[in-house]
Amino acid sequence: MSDYEDAVAGLAALGERPGGARAALEAVLMVIDQPASSEELAAGLGLTVAVVDELLAGLQRDYNGYTVNAPGTDADGSPADAGASSAPRGFELRNVAGGWRIYSRPEFSDVVGKFVLDGQTARLTQAALETMAVIAYRQPVSRARVSAIRGVNVDSVVRTLVQRGLVEEAGTDPESGSLLYRSTSYFLERMGIASLEELPPLSPHLPGLEGIEEFFDAERM
Amino acid sequence: MPSVDAGAAPAGEAEATADAESTTARKGGFEVRLANFTGPFDLLLGLIAKHKLDVTELALATVTDEFIKYIRRLQELGEGWALDEASEFLVIAATLLDLKAARLLPAGEVEDEEDVALLEARDLLFARLLQYKAFKQLAAHLGETLENEAQRFPRQVALEPHFAALLPELIWRHSPEQFAAVAAKALEPKDTTPPEVGVDHLHGAPVSIKEQAEILGFRLQFGRPLSFRALVADAESTLVVVVRFLALLEMFRDRVVAFEQPAPLSELTVRWTGRPEGWSSENLSEEYETVAAPATQRETDPEEHANE
Amino acid sequence: MSDYEDAVAGLAALGERPGGARAALEAVLMVIDQPASSEELAAGLGLTVAVVDELLAGLQRDYNGYTVNAPGTDADGSPADAGASSAPRGFELRNVAGGWRIYSRPEFSDVVGKFVLDGQTARLTQAALETMAVIAYRQPVSRARVSAIRGVNVDSVVRTLVQRGLVEEAGTDPESGSLLYRSTSYFLERMGIASLEELPPLSPHLPGLEGIEEFFDAERM
């Protein structure tokens, strides 16, 4: 079990420092500028993924303001929870686009917005949102197919989405040779979700899906 | 979500409707408030919602009039309304009109092919409309989520100086000239992606102007003047006739042929005026070379011209 | 004392949110890139400088791991200290050159350094090089504009270039309010030229530049 030994060795070394492994993880979270997966964090800290996952969950609860005795806190008394506080912090730790990252809490968006100049991008138009939805749920998908679903030409809208980094090219369709598009991890980030599976399912929105589905496959361009 | 950031709106859709709104305000009298519809389905759903109709109900004819009135209004406004959008609107308007006409006929007689086709058109329209409705709902969800998420700001601070100092020294091998070449390439307009125009419905055999010019050149160069009628006598299709005519125009511009036509619509005679040697279709004017140069492009050229 | 009244009004508004004024301050400190002075923070939060200074001192102690009862804690029982924990965090609040910012704790600099270096290369990617080229020839320029020119989102690439010292912020666009970027003197140094005028002109490579310029302006987001 060399994994385990490594993890213990890592823990021991980090454990001697103030705050221990939990603080080490926090220190790393302070310098990343894009989401970092538990695997990346574990490798950087010399800990197992399981330990890091537990520490992350502890930090998340901690920042959200659960106390040590609150329901939902692990009973194992891991050091991760030793410093948990009762009032929520101004920031939160979230698992977004397959990685962990620190965000300011939404309740303070007005205040933070005054200090962060360039953080926010303009809102998407209705046309862009609809096109984004079709691409997110039908990816990889050609512009022609998105056009067919929306009933209008989508070339310029897709270009805008690509420029905004929400959509990217995903090769060409082997049959028609047309360019295919898919959503990016930045889209997941902006949506605040870890993966595409977290998107709400399409089916409830489509009545009588079975027949229609076949029908559209036939129509596929 | 009626409030749409017009500033960031991509060209076309939003502009057209923005125009529409202002005109409505000026002229008045048009009951449908022209909201910012993003396409024919959106408009159709809007009208259905206005009349509190279920999409699945067979009451589309109720909204047909209004839909068509709206299209007519958009057409009157004219500019800013993209052709492909217009055609989509018209396709749907035509389908609706068919359906409405069908409802005026006695019910229960679905026998001839036209009726069946009409039912298929209706089902197709319903299905597409339902599908669009689903995506519209999901788009609303995306919009809300994106908006809520925009309340959070990620920590993305610059690396602390002592960590930045750890980064390996950058390897930079580009001379100013190489760098300028990179810049020139990066600044080149990339927007050359032509809008995807379906050509599946066109079945013309590939005919190339150069190829036809070669044939014409061979016949004229080593023979006496020929009438256009004679030059296209062996043409297997109208497309070849058209392409040969275009080829002749090109050759005329290159001053290797001359035309004679005593009266309008009378026989057109073509005469070789170039030097006997040294001409080949490869020398055709540059304009055509740029259009017809790539091998793959060449095949589609005549079709494009034929369409015009 | 209108200052005082303003401050109280501000506190009241912030006080209704989870974590109160302390969390609001934390939210700002967590995401600002440039250190902010207590005056700037006070102005942004609608608090007096005195209140902000007190909150800052409280947060600093909190992050350093003093408990509420530890020596050095204010006896006034301000809500700022209610959530103080006993173990130091992995980050600390420092006042550097008149501004406050959150940094990773120096005890973990080896771990953090290892993490930062992982996956770093000494060479610029093609995407970074092209973005650099666009900034060098179009400066001062916003990220949105570079994105429009390159046809992809360039946010993270620009961040890399800034981190590498090749690009720096150059104020904000008076119209859009977005941040502008320009090349640095380090860039000139690496190019082996004395000034931007020595950059080879683009015209030989790119005829009809003027039209292109208009094209991008029209497309601007």
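Worth a mention:
Residue numbering begins at 1 within each chain, and the chains themselves are lettered A, B and C in the order written.
The rule is short, and it goes like this: contacts are C-beta pairs under 8 Å (C-beta built on N, C-alpha and C of every residue); 3 or more make two chains touch, one makes a residue touch a chain.
Here the structure is a predicted model, which is why all the values come from computation and not from measurement.
Among the chains in view, A has its Cα centre nearest the centre of the complete protein Cα set. Centroid analysis (C-alpha atoms only) places B farthest from chain A. Each chain gets a centre from the mean of its Cα atoms; for chain A and chain B, those two points are 37 Å apart.
Centroids built from CA atoms put chain C at 21 Å from chain A. Computed centre separation for the pair chain B/chain C is 44 angstrom, with centres defined by C-alpha atoms. Touching of two or more other chains is recorded for residues 29-31, 33-34, 91, 102-105, 107, 112, 116, 119, 122, 159-160 of chain A. Touching of two or more other chains is recorded for residues 7-8, 153-157, 159-160, 163, 191 of chain B. Put simply, chain A touches chain C in their complex at residues 14, 17-20, 22-34, 40-41, 43-45, 65, 79, 82-91, 102-105, 107-108, 111-112, 114-119, 121-122, 159-160, 162-166, 168, 184, 186. In the complex of the two chains, the chain C residues touching chain B come out as 30-33, 101, 103-104, 109, 112-113, 116-117, 120-124, 129-131, 133-134, 136-138, 149-151, 159, 162-166, 190-193, 198-202, 205-206, 209, 212, 215, 221. Of all residues in chain B, those touching chain A in their complex are 1, 4-14, 36, 38-42, 56, 82, 84-85, 88, 92, 127-128, 130-143, 145-157, 159-160, 163, 191, 193, 195-196, 198. Every residue of chain B that touches chain C in the complex is listed here, in rising order: 7-8, 153-160, 162-164, 166-172, 174-177, 179-191.
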